[in-house]
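In the two complexes that follow, subunit A is the common piece, with subunit B as its partner first and subunit C second.
Here is the complex of A and B:
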């Protein structure tokens, strides 16, 4: 197919899916594969384990797809096998190619494709940990589960009940890097990190020569919770709690995956409202990040003023949704809160004010010599590395990859607005900053356009049915990059629900970014991917010692917060409440 | 006798007001950040709280405690050498060399507190302080000498001149910059750089030991503000009566402190290699200019 044809193609359309189908049939003709259409813009390629690597090579290397994620699934009660789904994205077409491989229950292993597509490195280890699907042809180590978790217990298997708490197994942690240089620990608690993660930076003088990462300290099994305890309708509210910053992206992503699987026609007005709230979330997330970046660079004036301006956005979110964060307006089939004319006027006025203030602040911030000098030429990620590691979001765009889910896999009301996707080629910390800065103004423009064109009509669909065994994916361009939710429908709740946050995809890029850098630039380089470890680790529930989920009413929290407590009594009181 | 009384008053006043000056600095920063900030006496409250904590003397904390006590002593001794607006000759012609030795000793002790510790962050912080300190102290010494050359070649009051020359201005600029760098504020607070070093040289300290070190750091900041103020004030010293000179000198030190505070708000943190390169370039340029100006009699 000619390049011009691809450029004029409506991404994600039926025509685009057909084109990719034809292309795949042509390229994979010599292998024993079955290609079929799944819901929306998804194609499923069923391939045997023997040909998985060949297919991955063709899809990743020849067709130029990138790894969006891979998912393991226990399908023993359906077909007696474990399944592995490698999800590749073809940006030019807006089509997902889902490569499905089955591994019989008595021989649970699949070949690794991490050497072909390094973006699959972590998700292979994840399904090895959580489902016990062995990966051959690569070094393996424990990624998600804690070191003291038993080897033979895989929590996402269907025969493992939710809430199981095995006694800890004593084991020494495996050292991944053995270097003579001193290892500087950054984490699990460190002023440069705002969540518990662990980086070990090996230095010579002040130059970093290698990096070791250990994460997933706060993995609590939200997927297991969704697959075994909650219903379809409850999950949007728990999905929103995956992240304290981009929670709405996750709930939107989940409901979109269900809506695609159940072929629910969501009212246009609801799609507009979702897109407006998503852009508000992007603005406040980027402002938050800019503040943190200023703080890490020792420019606290920038930090304070950015967060002061962000406050107006938080109030705007509260005005539109009723909450500063964790809005709770997403439901399957639409939204719960409407936007009236009075609100539109007030939002537009606030946006004008915010735009002016942000512009002044950013001009000032980027004129501070230390800020500019320390951002320029540090933490470089080349385009080649970015492509190889399948990074997403501002990290990809700062390294020359024009990758934005809003354009590449159109969803919600983004097809009705025009906006620019900022792309830089330098790949350094300054480029990632500038991408976010430009995106703030683009988001303001998008909200204005959406409010201007807000259609009338309903905001939700009341009745729908969700058939089991449908495979669906949905992605949302969150502030940090794309969120992707993979869903296999079940009865009353998902059979398999997989969440992949952007930080999960971007953290492996930190190694090339940090090598040969000065130690002083490590915090800003780590922060430049805007890491969100709660998204990546998927922490969600507060659990008591006996394993029960605690539901704390707001009024109780307010009461507790107003009392003076002796030390260590607060958690006891929360449990008893 | 008046000079002695003023010098003693200067030391007593300084030891009491430095935490308040730090409180004012925090308030100014807060104002520029659009926030309320802590009360002006907050630094006093912090020090009081730290001294109320139990004294934990680990293997490394004990030498650090000793070093920090010596540091406070040295800071007070340095204040004795700085003429409180009255007379440079209070301690005779050895004042300048003594001042230089004392400043170098204070810096060395800060570095020793970090190197004594086993902590990697503290050691890195210590070496950063050392790197910046070596470059800066050379510039500071040259600046002090150039300033005195400009206001009068000797150290006695009678030789101090009152005319202002271009070379004097460039020497004072050099002194002001090197004093600011020595005060350890942003962008040169590299030894403590919180994001990567988690307070670096201070990381292993707690309770009264931390309180003592923090107090000596504030004293050190006052000393460097005094040195800049002294350089600005020196040509006018003889024109004023001692009491008025004393009051004006104190006010000038407070003004310099406030300028330091505002400067710190406007800048971001540097990196040790960038800071080193920048300082070397700036210092070479200013020293060359001052020398040329003195040479041509400007």
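Here is the complex of A and C:
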């Protein structure tokens, strides 16, 4: 009966929030918690450090919430404490449960929940690095800051000014013995990867047995910049530059968070235009990915042709917004560029053309025997693992999780259109490809529906006031999965602004995906989550002097390969040929 | 054998690349490039420098001169400045081939003359801005050439004089 109730419920509505509130009160009655409503579909649960783990257990395991992210915040000038916000998402209700824990400034530590909810693994390390909030009960290591960054300097603390560049700390040289590093280093710069990240693949023969990841080479300090230098109105433009591919998702996500916090009623027409541009972005991103996947599989003809078709979409984006990428049309309160009748006609015409071409090409591409064989059965992510790690986007949908922010946490104009969310259960590279292929056609249909129903009226509101100290979140289904922006409003600029890009949640899933795989399938498997490292990394440019570690490993590889092919055998083989 | 259809696809598509820069670049009519500031229309109010998200447009006051500087190197081509300009002095061009070996080529400077306060003699707004304001707000020319600080003093003095509380 309860399930039926949930099914008919409008997700994210006031009624849904009240239901979750009641449910939480019932479940958490044993513990000393205070549950309050924040703006829109957010609930805040204040809990002491002692009960954090119990509450997390109930919310994550019993209520079936996904970990969306966790955020550390320096609130010493407000209440003398550091705060940690664990954001859980109840997909069935479309409600966020934000669990807030305070740690006093003289005892800055919180218990870890990473063993209960593995999806929180990285973000715990993140606030440990950036805010110096210690996490107890789990192995800790440096995730985001470079190795030569001083131990006691935490850049996101409010007493650290923007732009601090401490001299690098000299550390003892790391020399790895042969036994410790039988790894194959992939990256930070590698032809199979398109952005700087570092994977270490441990192999036995040709089979991968384990993976280690070191990323955050391009942490750019965007959150600190937003909290200390920029104003509310400037941030949409820098948010758009978090990612070069799904930038509009980030700017939409940010403006939506601010609009929710300030209770700004955005005109419907603006919501439609934003949704149209978001879908255009999804089509171009998926086509880009399909091209890259073909390229990695050695099928360059497919790569060239998908990118040829993508060019028409890029031009469409420029036609509607004024720029191929970084559209720059999002502002708080609406959009800057309108779509007129002539444009609608032209867009529809181009879409028809693109749909025909994509259908023809993809149909042919996926029938290429090599492409099919390389994708089928490789890089499997089981449903259980996917659920445990709270993966998002096409990766989740290919592993049998029916998760889509557009349906689960309705935003913008998506409630006015009907579309299908493709879900596959195999969890291999082929299903991830097929999810994206189907989404391209769904997006085309969504744009058609939106253009058809485009309401008249204004495209922006210009007068609004943003009150400080409001906690708000917004999420957008980016091509790679769910983007989430967490915002605490301040005076003139956000007090805390945290960005979580989808790849952040998906990279940990690479470990189960790559294990027991052939080494040759590693590039396509890594690419199958459509990794976008720029948006995952976000924050400070500092040269890491890891060169030595990498070069040691290269020597190791040379040594290893010599051992497998001793010199005399090689020369013998050469002589006999 | 379906994959052989690639030849059909390729044949249909033909050549899609262009011999740029020998041919026209592929940009649409909506493209936003470098901005142009019309020195005739610009009044030096500085609205564009306040809205500019990356601070590519900056304003500096020095002595009798106000400098509006546009640094193309920082510009993100969003066109917000053109939207706020009260006199429509800023237009968005389609110019995007802006790479240069000399960074000074990327600076566009516009100088405005500032008016001296009739009372204290300190320069404050630009001549053109005052002319522009007088055009829209009738009766403001009495106070137009007085700086904000002296203006508040002056108006209080005038009010008091009118009420007869002050013997002048």
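Going forward, the second predicted complex is superposed on the first by the 527 of 577 C-alpha atoms of A that agree within 3 Å, B and C clash if a C-alpha of one lies under 4 Å from a C-alpha of the other, contacts with A are read in each partner's own complex, and residues count from 1 in each chain.
The criterion applied here is as follows: a residue touches a chain if its C-beta (ideal position, glycine included) is under 8 Å from a C-beta of that chain, and two chains touch if they have at least 3 such contacts.
This one's a predicted model, so the numbers in the text were calculated from it and none came from an experiment.
Engineer: Overlaying on subunit A: subunit B and subunit C, fit or clash?
Structural biologist: By the criteria stated at the top, subunit C and subunit B fit after superposition, with no clash.
Engineer: Mind working out whether A:523 is in touch with subunit B, subunit C, both or neither, as first, second, both or neither?
Structural biologist: Only subunit B; A:523 stays clear of subunit C.
Engineer: Just to be sure I read the superposition right, which of the two partners does A:368 touch: subunit B = first, subunit C = second, or both, or neither?
Structural biologist: Both subunit B and subunit C are touched by A:368.
Engineer: By the touch definition at the top of the document, which applies to A:301: first (subunit B), second (subunit C), both, or neither?
Structural biologist: Both partners, subunit B and subunit C.
Engineer: Under the stated touch criterion, which partner chain does A:190 make contact with: subunit B (first), subunit C (second), both, or neither?
Structural biologist: After superposition on chain A, A:190 lies in contact with subunit B alone.
Engineer: Of the partners subunit B and subunit C, which touch A:206 in the superposed model: first, second, both, neither?
Structural biologist: first
Engineer: Which partner does A:421 contact after superposing on A: first (subunit B), second (subunit C), both, neither?
Structural biologist: neither
Engineer: On the overlay, how many Å separate the closest CA atoms of subunit B and subunit C?
Structural biologist: Across the overlay, subunit B reaches subunit C at a minimum of 5 Å between C-alpha atoms.
Engineer: Would you please give the residues of subunit A that touch subunit B in one complex and also touch subunit C in the other complex?
Structural biologist: 301, 305, 308, 368-369
Engineer: Can you list the subunit C residues touching subunit A in their complex?
Structural biologist: Its residues touching subunit A are 2-3, 5-6, 9-10, 13, 16, 26-32, 51, 53-54, 76-80, 83.
Engineer: Taking the complex as given, what residues does subunit B use to touch subunit A?
Structural biologist: Within the complex, subunit B contacts subunit A at residues 29, 32-35, 120-121, 124, 186-187, 189-190, 193-196, 198, 265-274.
Engineer: Which bits of subunit A are touching subunit B when the two form their complex?
Structural biologist: Checking each residue of subunit A against subunit B gives 182, 184-186, 190-192, 206, 294-302, 304-305, 308, 368-371, 373-374, 518-524.
Engineer: Sort out for me which residues of subunit A touch subunit C in the complex.
Structural biologist: It is residues 230, 233-234, 236-238, 241, 301, 305, 308, 311, 315, 318-323, 326, 328, 336, 360-361, 363-365, 367-369 of subunit A that touch subunit C.
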